[in-house]
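Have a look at these structures, which come just after this line.
Same chain, two partners: chain A is paired with chain B first, then with chain C.
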Partner chain A sequence: MGFQTNRTTIYIAAAIVLIVIIAAAVYIATRQAPETVETETGTAAETTPATKTEAEAVELKPLTGNVREDIVNIARFLSANGVTEAKYRVHGSGDPNSIMRVYGIVEAAARLNKILEDEGVNFKIVIEDIKFSANADEPAKVFQQSFPLKQEADIIAVSYRWISTFAKEGYLLDITDYANAYMGTELEDYYDSLWSSVTYKGRIYALPQDTEARPLYILKPVMECLGYDAWDIAKKIDSGEYTWKDVMRIAKEAVDNGCSEWGVIHRKGSAHPDLVQFYYAFGGEFTGSNPDKLYLNLEALYKWLAVEYALARNGLTPENMLEWDWAKQIHPTIVSAKTAFDIGGTWYWTEWQTKKYYTDPQTGEQRGLTPEEVKERFAYSLFPAGEPGKKPVTLSQPFVWMISANAGKLNPKYDDLKEAYHRIAFLLILKANDPDLVAIHSIVSAHIPIREKAAQLMDDQQFVNKLAQGNLDMFISDEARQAFVDIAKKTAHPINIEFLKSVTYMLEYTHIPPLHPSYQPLAEFFKDAVDFVLKGQMTPEEATNYVVQKIQADPELAETIEIVGSIPTGWEISP
Partner chain B sequence: MGENPLEEVVGGSISRRLKIVIALALLLAGSPIILTYGLLILSSFSTNMVTDPLLTDFQPTLDNWIMFLRGQITYATGGLERNVIEMTLVTLTVAVGVALTATLVSLLAAYSISRMEFRGRGVFTAGLIMLHAFPGVALIIGVYMIFRIIGDILGVLGEEFYAIAYIILARAALEVPMAIWLFKGFFDKIPWELEWSALVDGASRVRVWWSILVPLVKPGIAAVLIFTFLAGWEEFIYFYVFLKPFGIDSLPTFIEEIVAAAENYQLTIIAAAGTFYLLPTIVFFILTQKLLLEAYSGGLKG
Partner chain C sequence: MRLDRLFTLAFFLGPALLIVITFFFLPLLLTVYTSFTNMRNWNVDAYLFDIVGLYNYKVLIHFAKYDPMFRNALITTVVFVAVTLVVNVLGGLTLAILTFFLEERISIHYRLLWLLPRMTPVAVYSLLWYYFFHSDAIGTLNRILLLAGVIEKPINWGSYMLPLGTWSILIFVNGLVGVSFGMIVFYSAIRSIPWEYFAAARVDGASNLTIVRRIIVPMIRWHLLFVTVWQMLSLLTTYTHIFLLYEWGVVDRTWGQTWSLLVFNLAFLPVGELRQGLAAAAATVLVVIGAILGLITLRILGFQRMITKPRGDI
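This part shows the complex of A and B:
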């Protein structure tokens, strides 16, 4: 019996081993088969046979700065190597009206394909997977997770602040050489201030996609109640005549006279990096002689916290401002003119129209404001200078197009032809920034254009009228055109376009927070410090020291952040 | 045990007044949770978020549900529609996969532990309790490394089906220890004679297990299926780590994404999404609360 059992066991074990070996062999054979085919001719659907002579005859020439010439050369090169189709994936994010952050690439592919069709080149670019997330950081987080699995999108549109993290890890394509080839042509009219947002350690890792400014909104009804002209105040702020002390004085007058419930409403916890404008307004900088270090000016930090402290102690800003709810507290307070000033963003202008923040006093209905109502209600200026002698400022945190270091990896013969695939990815982001596409995105999402030619188009009445009527014949891609018809009809209003044009000058005053890995943790300390002083849990001096202690407690931050200056003695601010 | 466990504890029938007092105390203790979920559900049927317990904010509408099921998460223009049906199917596939895998594996394992002598049985049984103590998130680094290693060996690291299958197996593995303990309790209560007589009649161990023992623990199987299904349905971190990189969303990762971007979304539609996600949990608990409570408190009658 025992012998019988043992023999049976051996037979079963042998059978299992045999099955496993056969299965493994079949699996390996089926996996290798397509690769063998691809090496010769590419996959049947995507490639055509090519002889070695043809492939050698078409060389991949250096980029010329002319899109037509370059895409034709790249496509002919790939075609000669047996590849007739290249696939890319894109992931963008932002507010619902910012879908150009994915459709821009779809349209760019259509435009490049049109060139190839006109030139009779048998090659096509396909954007096979587009994804758009409302959470602005979502594409970056997914990119971070999926890169090691080789599943990342080829092109992502996210905040510039991810560049340092990804570039350090080697996740991004260094496009410096490509960009340099186009500096004299397509990239010539980009606003200079934006290049620092895409440059990390002297190399370019992205192209700007859009930008914004953060105006100080001045509530006209409140100023009328006080007998002031809101636009006059705006002009005085822009010229530097009015500083934060003046703004606080007017805000206090408004509250004391019952013209408004609050004096200054500002961004909340999740948007706390915007408050760093105070630091810049008091002359603070984050850069210095050593490019590897981040510099923290204690005097500017202290003065920023002193203003926040004074605002809350005088009842001008809520003590729990950083915890307010966007939809139930912040925006309804602003659009109902229950505050004298608001530190916001350019995108607020259309957000107040598309979201139901306003409760109509006549009907009790919750609705968005009309463009006319927004215009009647708000004047705007730069962020006021901290004190006399300092300049007004604004802040930009541009969205950018980044390309994966493995862009085009899903295509045939990637290892041999990746340079060509990378160049196509670059041309895609370049074309996605065509002036008309940038102008459309700026108008429908209330962002500031990143190049002068787009700003000029916004002055073109014919272009604007077409957009407002939903006549989008500038799109080649049906998919992109359909996606924008409704949005364009609802947002391409002359008042909105006039607003955007009128705030573009703010880019001259803009500051872009540094692309330094230590900046994010530092910004978190700033948020805590602001919260402490608003709630009265710390004095400005204590909160400044808190930030210093947090830096010193972290060996890496202590090493990379250089603290300069000191807390000023005898300096105080009050309305 | 008597009909009412509480009656035995207090040594006889409890007065009606005491019952009312206990019910009120429980209601009071549970009121924050009931209120929170109640307001969430009401908000999903309202034009505004209902945050006032007096319901002054409530303005009825079905728009939130219609828009959510269409994959539109904002009243504002723009955005891309999201495929809620696909997300639901992905979540459902994993939940069902976890339920079936964990139930089958634990049913077999519990039988072995209950009925068979093998070396290390005691240590293995004790180890199961320890395994149950580990939350999924604490194991995530190890689980991720195994995902990479197996995926590399099989050459399927970039395949979506592998990620889904892996989530099912990894999540089921976390449920198996508890399920084994539950099943072991059931098997221990079944008289050995039942099985013995079948073995004497010539039936194999597998046949005995399948034809005699499994039918006797059917209520236990139902209970384990339910709680493992809910564990799979409520999973978040494994979906986030293993499936999100493929650009595939499940309901929990999608809800996390839209809550994180609440600034861009309509909160009442997010409330509809949250309510939709809660539905299976609520329905299962209402329908099977007696079964689950009995399963947790000492086994079921066969």
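This part shows the complex of A and C:
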């Protein structure tokens, strides 16, 4: 009896499993069907009947390099095919002042629509969903997970470093041909060094959105306390006369003499990108003769870790630096001059003005610094050379506009008309980089402009005054204008513009870590290694070997990363 | 008669079976399948049928051989599961017994208090401990000890006497959440023991300890079995609190990772390449280990005897 019951149960279970599997199979098989129906009939309200002759009459011509001609041609082509509206979604990220990474597209759509209106074309571009995340990698992570489900944003603004992974998987639109059409016109004045950040295996997958440098901030009050001239130190660092050994010496003097609590403060949470400057400053490179490989120079890595180790052992940098809180510890320590040096970024300059990191000693009020106070407080230089004979450096990791390989997928007749939809997406990111928009973004967020025309505009006093007064009549989109009024009033200050101009020279010294899928895991190992040496859990040699061990423990990394050089014997650094 | 029986079985077993199949069996099958593919970066279209055989398992073995963090994760998992399990089961039992001997109106508040960690959202609860164990003077524990003059400078608890500091934090935080489960099950089990047993024991002059040893523990042994197995399996797979403590730097990076967090990190976290095939292989290993451990525990604690029908020999 018991046996029978068991068998019966098994039969029932088997039957149910079968039903579930069949149901799942039927569901998956029929999933595509509604989409096809939607594509054919979808958004009926937006489509107008078009005769075949009309559609044939307007052909999609090759891009000319003239935005007006191109958008009119694309719009007429779509209109002739019965489509009068194209929808796109955009997702950007960054510090609170960098909202151009979404509103740039909103404004670009408005500018393209204005052209179409002027030309009497019955077509409109709609940016139907904009999303801005504080976490810089958020749009990329969301994009990565939602692409296979066809739920991703059409345009994202994220760090260039995602390009290799996304391009490899076929998630990004290859815009090489589109960009080539505009190389002689709109893209002519882009800084040359930036093209490497959007090119993967010879193809262009994005347009630069902004870039930055990472200065070493030198606290003037601390240097005054020591009897030094901060700008003199900055000059000596820039010329290569002062190296990290000198910076450590001055930092130690500051701490020993009670002029500051700490010697050198830097970022938390990761080694990339700020701390990777150490690697470059000691002559390390990630590229070599084989373009498919990533190179790791052990000597440069060891020397970097030796500096961090010495900083923490001498009480100049907190042992738990990588765990510090940005808003409660890192920025308040810097703006209150409790450190002699800070390894930071250009955007700190305006962040210190808009965020309330500073506690006023007189009133006890927490507030942002004024532009004048920031100027009084900070001198800045390149990231110092690692040792005599090496060069000072900086590091940029441009933000870029990427377009999904499925861009425009929400629109009618996508399969037939996707080339036109892709071109519109490209023109959107192209227009989002109009010189005035790039200049505004650079000024309000303290990033370095990606093109010369924007840099020139920052010299235009009339333009800057308008911004400072909150007069943003250059914007066509009310939504975009409203988003910038307050930020512009706060940050469009001559001091900030002067700062930006004065750091642009740093781009000549910049390094852009390579677009290689193995770079990110390697940067994670760097983070662990830095954490270990800061805490004294490992010596620089042990931490260097740890990185090597981690690479060798992963067969895929071991194959793609080539280790060169060796740990130097007898090399030491101390303040 | 046979059809009737079939219908009855289907009626009663069907819904539960459907749920088990949909939410456990099919995902498990998918995970095992994925572990044999080259699935990465969520690119289902490209890798769903890209079968790579045992490649992912070989990579795992390679990791286990050469990656020190990987070995640490294994050791941490064993220590974490074993110690937290003891804390959860014995702690839950102790709390249940204590509250049983308390007056009901006091006991109910006391039990409610212990449920707080379970009722608090994971992020909030973890944030609380982030600030409590923070390595600087802004940390509550450091603050208290500094003010009391016990320590002179803040202690980095996560790195303290490695790996003990990190393990203690992990066990403490998860243990506090876990004890309430045992407490509730045991308390209700004890309450269901006929009152006459206790009355008779008292008349015979039994002490509280004797009552616990001779009546309570033997009478709730099946509940003890259930809670032990259940908690062991959930500890083996839990990672939410650990993830936050790890990410926020409360616990040490070398010793603060358990196997389940490792699976999560492989599949979701890294910037750039995400390796779901590899993560699925690690998850499959975890399921196998969980199943083996579960079976062993059931055997040791005599699960077979629990499910045999009573012989009725009164």
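Here is the rule we use: the second predicted complex is superposed on the first by the 527 of 575 C-alpha atoms of A that agree within 3 Å, B and C clash if a C-alpha of one lies under 4 Å from a C-alpha of the other, contacts with A are read in each partner's own complex, and residues count from 1 in each chain.
Assume a contact is a pair of C-beta atoms (placed from the backbone, for glycine too) under 8 Å apart; a residue touches a chain by one contact, two chains touch by 3 or more.
Note that this is a predicted model, so its numbers are computed, not measured.
Participant: Touch check for A:Q520: first (chain B), second (chain C), both, or neither?
Facilitator: In the superposition, A:Q520 contacts chain C only.
Participant: Who does A:D531 touch here: chain B (first), chain C (second), both, or neither?
Facilitator: Once the two structures are laid over each other on A, A:D531 reaches chain C alone.
Participant: Of the partners chain B and chain C, which touch A:G170 in the superposed model: first, second, both, neither?
Facilitator: A:G170: touches chain C, not chain B.
Participant: Of the partners chain B and chain C, which touch A:A134 in the superposed model: first, second, both, neither?
Facilitator: first
Participant: Could you tell me if A:Q329 is touching chain B, chain C, both of them or neither one (first, second, both, neither)?
Facilitator: The answer is second: A:Q329 touches chain C but not chain B.
Participant: Output check: A:M223 vs chain B and chain C. Expected answer is one of first, second, both, neither. What do you get?
Facilitator: So A:M223 meets neither chain B nor chain C here.
Participant: Once the structures are superposed on A, label A:I99 by its partner contacts, choosing first (chain B), second (chain C), both or neither.
Facilitator: first
Participant: Output check: A:R161 vs chain B and chain C. Expected answer is one of first, second, both, neither. What do you get?
Facilitator: Only chain C; A:R161 stays clear of chain B.
Participant: Should A:V547 be classified as contacting the first partner (chain B), the second (chain C), both, or neither?
Facilitator: neither
Participant: For chain A, give the residues common to its interface with chain B and its interface with chain C.
Facilitator: 137, 145, 148, 328
Participant: So in the complex, the part of chain B that touches chain A is made up of which residues?
Facilitator: Spelled out, the residues of chain B in touch with chain A are 47-49, 51, 73-80, 148, 155, 157-158, 241, 244-247, 257-258, 260-265, 267.
Participant: Which residues, counting only chain C, touch chain A once they are in their complex?
Facilitator: Touching chain A: residues 5-6, 9-10, 13-14, 17-18, 21-22, 25-26, 41-46, 58-59, 62-63, 65-70, 135-136, 138, 156, 159, 162, 248-249, 253-254, 270-274 of chain C.
Participant: Which of the residues in chain A end up touching chain B in this complex?
Facilitator: 27, 31, 89, 91, 94-99, 102, 129-138, 142, 145-146, 148-153, 270, 326-328, 351, 354-356, 366, 444-445, 483, 486-487, 490-491
Participant: Applying the document's contact rule, which stretches of chain A touch chain C when the two form their complex?
Facilitator: Listed in rising order, the residues are 5, 8-9, 12-13, 16-17, 20, 24, 137, 140, 144-145, 147-148, 161-162, 164-165, 169-171, 318-320, 322-325, 328-329, 517, 519-521, 523-524, 528, 531-532, 535, 537, 546, 549-550, 552-556.
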